[in-house]
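Dropping the structures in below, format is structure tokens.
In the two assemblies presented below, subunit A is common to both, partnered first by subunit B and then by subunit C.
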Partner chain A sequence: MSIFEYNGGAIIAMVGKNCFAIASDRRFGVQLQTIATDFKKIYRVSDRLFLGLSGLATDAQTLFQRLMFKHKLYQLREERDMKPETFASLVSAILYEKRFGPYFIQPVIAGLGDKDKPFICTMDSIGAKELAKDFVVAGTASESLYGACEAMFKPDMEPEELFETISQALLSSVDRDCLSGWGGHVFVVTPTEVKERILKGRMD
Partner chain B sequence: MGDSQYSFSLTTFSPSGKLVQIEHALTAVGSGQTSLGIKAANGVVIATEKKLPSILVDEASVQKIQCLTPNIGVVYSGMGPDFRVLVRKSRKQAVQYHQLYKEAIPVTQLVRETAAVMQEFTQSGGVRPFGVSLLVAGFDDSGPQLFQVDPSGSYFSWKASAMGKNVSNAKTFLEKRYTDEIELEDAVHTAILTLKEGFEGQISGKNIEIGIIGEDKIFRVLTPAEIEDYLAEVE
Partner chain C sequence: MGKAVIDVPPKGGFSFDLYKRNAMLSKDGVQLPPFTKTGTTIVGLIFQDGVILGADTRATSGSIVCDKNCEKIHYMAPNIYCCGAGTAADTEAVTDMVSSQLQLHRYHTGRESRVVTALTYLKRHLFSYQGHVSAALVLGGVDFTGPHLHTIYPHGSTDTLPYATMGSGSLAAMAIFESKYKEGLTRDEGVQLVTEAICSGIFNDLGSGSNVDICVITKGNKEFLRNHLQPNPRTYVSPKEYSFTKKTEVLLTKITPLKEKVKVTEVGDAMEE
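Moving on, here comes the complex of A and B:
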């Protein structure tokens, strides 16, 4: 049993036309037992920057607290919000600090950068960044997620179509993974608003 | 004067509320060679006299204006060796910022960290304050900026400023000639004229140093030949 499969989870982020969407499943389990069905894996760093953390839940919570600490200090010192690219570099540096005793998580970062250009990236547990122009996935269902996204993704989708696509990709992939599921939690972010929606899928 | 009894220890306030060592450090700065900076609408220029102790000194080996990052430069008045230590520390801080955020450090952040280093040396045991005031010139996303940092660790943003021997004349001259819309080329001419005001001897490309940063956000020190060209334009 891998430590990354102890809690289970699935995260996707997708780029649309001047918008992005980030989605996760809602299960919190301890190996085969499901403890909660409303567990948040996507954290709002700012109105334009979201962080999804898959993997060991305790590490996800601690890492999020550390990152919020650094982000708040940055905002106070520099009197501006962090750009998503900068935040990704920060996460990468923090993960590499623990190179020989890492956090057992895989982050997905999604945000709107300069000129409202959407930015997504993921990295491994020791901070190797992977920038993508279309979609990034993480979690125990990642293999299914890659397949579903590759098949369903189209570039430059409007927010509504992007929502449909990411939801279908998420739900169909977590149905093939016993450790993820119990619904979905989707954020669609445009320069003007953040739309948060709950999905109902197979509740098993 | 009760103050002199308190001038032995840096970390002790005098009854008048001053830290006497910092006052002495400012005096060291005030007897250093004149340096100045001017913030233009589209860039910043910093300049200094480069009076060498003898004609036998190889003036190309003396560099009073240094760059801290590709888009931030600095000049000083006061003790050269102290300046070199601060440049080294500031460069390290700028690179560390880049290691963490993969982004160029904003001018205000670098100035703040450099000032924090200078302040540390006014509140630690067994050390003395730096005997330099710095003029930091940079161009980042917030536009052109000019900061002065004092031995006490306080920093100020200036539109135009001068430090060193000829400070009051230079500042008066700058006050008269500065406008908010001044362009970088004009600012270089004004800087040269300001240096000329208090200059003893014949000014040339070999005994002044000028550094500029424009909208290309690249700080560079002018060559003696380029300074000669500007001097000819000013005549």
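Moving on, here comes the complex of A and C:
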């Protein structure tokens, strides 16, 4: 049994036209028993920067607290928010520090950078960044997610169409994974607003 | 468990505090998750005016391709580049670190970096971690002593060669080099040979794939040809795109408008000192 399959989970981030969407499932379980069906895996680091953490839930919470601490110090020192690229480098450095005793998580970072250009990236558990221009996935359902996103993704989608695509990709993939599901949680971020939606999915 | 721990800010480098917990978990039969590896075919060769480096662009996690177009040719100095194979985080971190050390060294000495300097920094770091930092590198560059090409193994041993290949596709690429390499190649012949060697890795090795990246370094000049060749385009794009007639059911929607940050314009005299 892999440590990643202890809690389970699925996260996707997709790029659209001047917007991005990040989505996760809502299950929190201990191996095969479900404990909660409203568990948040996506954290809002700043107005336009979101962080999704899949993998071992305790490490996800610890890492989120450490990252918020560093981000808040940065905000106080620099008097501005961190750029998404800088935040990704910070997460990568914190994970690589633990190279020989890593955190068991796979982060997904999504944000709007300079000139409202969307930025998404994922990493493995020791901080190897993977910058993508279309979509990134993480979690126990990642193999199904890769397939669904490859098939359904189109470049330059408007926010409403992006929401529909990411939701369909997420729900169809988690339906094929025992350890993720119980609904979906989608954030669609444009330069003017953040739309947070809860999806109805199969509750099994 | 009664030790009082004062939280000292880390001085940089590796931190081993989760090692005990992870060792206990693996004793209970829990497997470590797979790291992103760059299966890879990386090559280098010396031609009449300098060095040419080449690499494929696939990154794998287990047997899944997690990045179809990653960059494996890393910048070390304006005249030195390094291709990396092995664990992706290790190759990136070690090349980044040595690149910064080279920059500091350039400030200290006031001279252009030499390839052997980069080589020594890398091999000293890798040897001190006894191969646990899994980075296999092909280092190439042109300094005032001429063009140089080296390979560096994860345990810290190095070789100096006129043509070199590393990674899971190294045998496929070396077959091409051994049959077609000759001294005194021109730039175009060199680029052609490197492309052929990488393609041989891409098509025959399962750990390598996607596109070919090339970097040509000569005295005082470098050309980074990202995606020089793309022999694997996606050919199955359906003209009839996905359209979802049955919309996803939404239970709850919350809209948060993003506030415009207040712009402060200074009017009036500046403060007296």
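Throughout what follows, the second predicted complex is superposed on the first by the 204 of 204 C-alpha atoms of A that agree within 3 Å, B and C clash if a C-alpha of one lies under 4 Å from a C-alpha of the other, contacts with A are read in each partner's own complex, and residues count from 1 in each chain.
Throughout what follows, a residue touches a chain if its C-beta (ideal position, glycine included) is under 8 Å from a C-beta of that chain, and two chains touch if they have at least 3 such contacts.
Predicted model, so just to flag it, every value in this text is computed and none were measured.
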Combined model on subunit A: subunit C and subunit B, fit or clash: fit
Which superposed partner A:K40 touches (first subunit B, second subunit C, both, neither): neither
Which superposed partner A:K195 touches (first subunit B, second subunit C, both, neither): second
First (subunit B), second (subunit C), both or neither touched by A:K83: first
Apex subunit A: angle to the C-alpha centres of subunit B and subunit C, given in degrees as a multiple of 10: 60
Contacts of A:R176 with subunit B and subunit C, given as first, second, both or neither: neither
Contacts of A:K17 with subunit B and subunit C, given as first, second, both or neither: neither
Broader residue contact with subunit A after superposition on the shared chain, subunit B or subunit C: C
Minimum C-alpha separation between subunit B and subunit C after superposing on chain A, in Å: 7
Residue numbers on subunit A that touch subunit C, as the complex places them: 1-4, 6, 47-48, 55, 92, 95-104, 106, 122-130, 132, 142-143, 146, 151-152, 154, 164-165, 167-168, 171, 183-184, 191-200
Subunit A residues touching subunit B - in the complex, by the definition given at the top: 77-78, 83, 85-86, 89-90, 93
Residues of subunit B that touch subunit A when the two form their complex: 99-103, 106, 108-109, 112
Residue numbers on subunit C that touch subunit A, as the complex places them: 10, 13-23, 25, 29-36, 59, 61, 64, 66-67, 70, 87-90, 92-93, 132-133, 241-242, 244, 247-259
